[in-house]
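Following this line, the structures themselves.
First chain A sits with chain B, and in the next complex the same chain sits with chain C.
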Partner chain A sequence: MSLAAYAERFERFAAALPEAERAARRAQLQRFVADGFPTPRLEEWHYTDLAPLSQRAFEPAAGGNAALAPHFLAGTDRLVYVGGMLVSADSTAPERHSAAAPAQDEGVYALNAAFARDGLLLRLGRGERLPRPLQVLIAGADGAVAAMTHQRHRIELAENTEATVIFQFLNQGGGGLATHVIDVRLAPGARLNLFRIQDERADATLLTRCDVRQERDSVLHAVSFDCGGGLVRHDLNILLAEAGAETGLYGLYQPAAGAHLDNHTRIVHAAPQCRSREQFKGIVDARARAIFNGKVVVQAGAQKTDSEQRVANLLLSPKAEVNAKPELEIYADDVKCAHGATVGQLDETALEYLRSRGVPPAEARALLLRAFATEVLDHVPLAPLRAALAARLGLAGTDAWELEA
Partner chain B sequence: MASQPQDIHELMRRREYSAGFVTAIESDTVPPGLSEDVIRMISARKQEPEWLLEFRLKAYRRWLRMEEPKWAHVHHPPIDYQAISYYSQPKSFKDGPKSLDEVDPKLLETYKKLGIPLKEQEMLAGVAVDVVFDSVSVATTFKKKLAEAGVIFCPISEAVREHPELVRKYLGSVVPFGDNFYAALNSAVFTDGSFVYIPKGVRCPMELSTYFRINERNTGQFERTLIVAEEGSQVSYLEGCTAPQRDENQLHAAVVELVALDDAQIKYSTVQNWYPGDEQGRGGIYNFVTKRGDCRGKRSKISWTQVETGSAITWKYPSCILRGDDSVGEFYSVALTHHRQQADTGTKMIHVGRNTRSTIVSKGISAGEGQQSYRGLVRVLESADNARNYTQCDSLLIGDRCGAHTFPYTEVRNPSARLEHEATTSKIAEDQLYYCRARGIGEEEAVSMIVNGFCKEVFKELPMEFAVEAGKLLAVSLEGAVG
Partner chain C sequence: MLEVKGLHAKVEGKDILKGLDLSVRAGEVHAIMGPNGSGKSTLSHVIAGREGYEITAGSVQFDGRDLLALPPETRACEGIFLGFQYPVEIPGVSNLTLLKAALNARRKYRGQPEIDPGDFLAWVRDRARLVKIDPKMLSRGVNEGFSGGEKKRNEILQMLVLEPRLMILDETDSGLDIDALKIVADGINALRSPERATLLVTHYQRLLDYVQPDYVHVLARGRIVRSGGPELARELEQKGYGWLEAA
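Moving on, here comes the complex of A and B:
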């Protein structure tokens, strides 16, 4: 094992840090060395093996250049990070960038805590409303060698606030490793629309985790899109801590050829009268591997929980693979919980119907795929973002999306 | 989390004590502990051939390197495998109570509720009965009829002696000796179980059941069952008893292997009601079982039906490997946990052949402080064109201190596969209860009716008389769950 290589990189990295931070970060590095990279022996990592990473060495990334202008969304404010560093010239909301709070974590995220660089800090005071959506673009530097980037982000919304944040992960080049932790706290009545768009290169490894704590009557609306390659794991952990909180998680994954894509969600109903909705859809083709693991936990006392979880997959190639696991763990009796999972193909009858009406096979297929994906795309109210996504996913046509855009 | 406050060592000690009852020859009881010597001794006692001893030793050596599985959603104190005695003479009738007067009245009450005939009650409670016991003659008649059809149905140790070529060919071919921790332990130390062989084209003339094999009454902790259905044959096998047996044994690690060749059909039904422990979770059986069927032939079919109401902890996943083209696997299950019982049960359907189909219907009922998990896997391999699976698992919660959990795994590598999984969890609907109450039906009876309706889809898969008993069993097991 060459975890020692990470320790050695850390000492060089730590030399540039203020004295006060070093001890805490070193403790995190030691935690990581003790835990190691997760292997499939851990139930939570059953389908994703990170052990090969221990045989590789990454240099901590230190900025760089990338041409990101085509990804800028109209009508939004922006923070741009390349190689873990803020690109001030491209960022229109630099005041939202801040020092990462020291964090304690475990497993592979202890590695993140040891090396974490600054990231987004969005704090809204009581009753405040973020005037424009905030786009956070996170990319690797052009032509970079195998580098590693670790960042922590934080969103704290006080009572009765509202914000829209778009995280975009792009092009971590050169076989790099990136880890990101997004910490979200929603005070009573706060509402957050959170979008995550992942479009990685085939040789990248991206690990992201988003932890959300929701208080009374807060609302989270989170939509996630995966369309790139590489080895990608996303963990979305929601704690419904107080009564009346509501969460809706939606996702569409269309991994590129050769990609390994692992989406894990965990919703914990810790208080009564909370509501959760979850819908993930996968279009899996050409040697891609997609994993969806959705867990809903209803703790003792969380009566009147209303939870529904759906995952549907289209498996389109003999080389593709889908692993789906919707889990329920329930310790209260007065609850309504349901989940469903399907794996299938495009409906032959529907294809035949379209063909019989003169629609060419390729177009008929595209039409059905679009119908399948629309259910998730419809959860994106921002027109420019929706149009960009439709185009990227190859689902754009002469229909409402483009007209709106 | 409901952990088991019982002292396992104490229970183990009690077991040793009961083994000490054996009066025959003192050396017939092996002292507690497991080693190669113990395995050699078991094998020698049973006059086994060399290859079987090798099989046991290989399994034991593998087991030594294995770790107890931790992934199941159950909690129990560590098991001391060196505190178990791995071989003891089957309990003799003479050692049991002399008449029903000496039997625990609570147990008798249960028998009465289940409507079990007096003679059978005596048998279940282990009362010493005359040699002229009804079932003995019954069993003999059955044996004759089976022999005429060419069906072999005997203890596995007898099969090792009488039909070594068959046993050697199939033993461990479905559940390899190193399959998992408990299967490896079983492979090393199994003492008995059943062997069934149905020849080509034969439809077994009757339901086979461990009931009839009274010489096998005390099947012990490490049963091994092997059923082979040759081309075009059919058999229905019933395992277990419908009334609770007081059994101090702690750990049951059984292995069941089914092999279905071309066009063969095996139906395996279990009604399991081992001692579940008392209200406080003291005592009870740890039921850690590996059951697997291999649809080796084309158009073969294996169907598992289980009603699991007993045991302190159940850990079992009857599975089907759908290897033959057009083969079919089925799993129907009702599992009930009450008081402090824990169950982690489900199935695995591995689709290998083309046009294979599987159906899973699982009904979990949790009451008191019971914890219930459905854990299932549906895997479609690249070769399995047009595989089809339908899974439904429903959970019913009775009371606010129990738990119901669902862990369904689906792994698909073939784009022509079609899989559906549906799960719901809810409590008994208030309006249904209210409706029953309004018509003068007592609350407990109403709950029992609703639960029976909830389980109907599974019960209809059971042979008729067992379906009736299973229904009663649920009602008895749920006593005190409401109100």
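Moving on, here comes the complex of A and C:
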């Protein structure tokens, strides 16, 4: 295995860095070279093999252009990154942008730590509320080939604050590699609505990891949507560190043909009286592969834990593949934990019923798919975002809230 | 309107209908009665185009068109409605969504534009009153968590909204208490007109006290073994089916 190309790119990259940063970042690069890309021998990477990336060479991305205006959401503030760099002209909240400080990490994320430069830095002081949702658009530059971008983002919410942040990963094609780490700290009573939307091209590799630490009575509401192609891995790690913290993780994945999509979630109940809810749904068709691995750990002493995890998949083609793995580890005795995973097909009797009322088969299928996805879409309170997602997922149409509106 | 001739149908390789003839004209109400397993439900399913039936001989024509060549959604758009014996629950698809999709499918089939959303809601609410369905239930999933009686009333609501030309009610009366039975009968009677026809498939005479049929047919062993007027239903109620099955 040769990671020489990465080391060589790093030396060129490091030459332009301030002296003070160089050593810390070089240590991270060395850590990455020692660890290498994860292979399926690692349990956490059982279904996703990144080893082929060892043989590839990527140039650090250097900004560029992309037509992103159609993705701008009404009623939000915005940070726009193209090719790893802030696009000031399109960003309405540039004060939320920051150069990333050196960080320590491991494995493929040590590569991220070595190269990461720019990202979101959202800090709210005690009692502060973010007035409008913040949309963070991250895209590849038009015409970029084999570019790599590495970014680190940080959200720190002090006591009794509230914020809504939408991360959107778009069209990082050109055979590129992108890695992102989102570091979230929620102080007592803080509340964060965090959306992650992934709509990648077929030749992209996207690795994202979000680490959340929740203190007393903080609330996280995290919803993720995966609808693109390529090789995508998303890790969502939640630490319920203090009593009364509450977390809700919801997700819908509908990978494009040929895509490989791996969602890993891990919720650690480290304190008593915390609540976690998790619901992920997959619609998997035509040679797409989806993995969902959801782990809940209830540590000793985390009494009165209330945890529920549900995974449901629709497999629409004989060539589609789903690996759904819920895991539960409990080291406390006074807890309420439930989990379940299903893989199935569209309900034929429901299809037949709809057709008997005159609804054509394609529309009947769309209605049933939408019904399946609605439970997750209903966790998106922002109407423009919900509408955009429904349209993108091919699920737009009539439903109760539209009719009653 | 409906001409069934020499119909033979199989389910899972087993002969169920064995040469059935039936002629229904516009404006008429026909009751199809018969013991369990005689083929009543099979007949209604074959006319509506449900899957799982193999037609081995015979023909079914609707207004002179070969019905058996049409997929179920086209039959519905042509004006055929089947009230299910066991209505399906569809969580996540609201009653309003289903009704709107069904209405607009018909309109598209006839080359009409989609219905105005305001007109649609007003029309559905008006129809819901007839079958005493709370408007709040319209926003709920199709039949989701409905009681048996509510499901049957919901079938009648769909029928009232869609205004079919041939209404086929497959044991719609089974499992209903007397109040629900009256509501269902009122719904059927509300649609009776010289342009429409009705096929009531039932095991019991009870529904026929509220919906007067013009003709009563007895189905046994896959054929119609006896036809008559409303008095035949009362005779069956007294004597049962045994004397006809033996015949």
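Worth a mention:
What we mean here is this: the second predicted complex is superposed on the first by the 397 of 405 C-alpha atoms of A that agree within 3 Å, B and C clash if a C-alpha of one lies under 4 Å from a C-alpha of the other, contacts with A are read in each partner's own complex, and residues count from 1 in each chain.
Note that in this section a contact is a pair of C-beta atoms (placed from the backbone, for glycine too) under 8 Å apart; a residue touches a chain by one contact, two chains touch by 3 or more.
Given the structure is predicted, the values throughout are model-derived calculations rather than measurements.
Partner contacting the larger number of chain A residues, of chain B and chain C: B. Look at A:Leu368: by the touch rule set out above, it reaches chain C but stays clear of chain B.
The touching residues of chain C, counted against chain A in their complex, run 48-51, 71-73, 76-77, 82, 84, 87-88, 90-94, 96-98, 100-102, 105-106, 109, 117, 120-121, 139, 141-142, 158, 162. Contacts from chain A toward chain B in the complex involve residues 43, 300-301, 303, 313, 315-318, 320-345. Across the complex, chain A is touched by residues 71, 73, 380, 382, 395, 397-427 of chain B.
Chain A meets chain C in the complex at residues 347, 349-350, 352-361, 363-364, 367-368, 370-372, 374-375, 397-400, 403-404.
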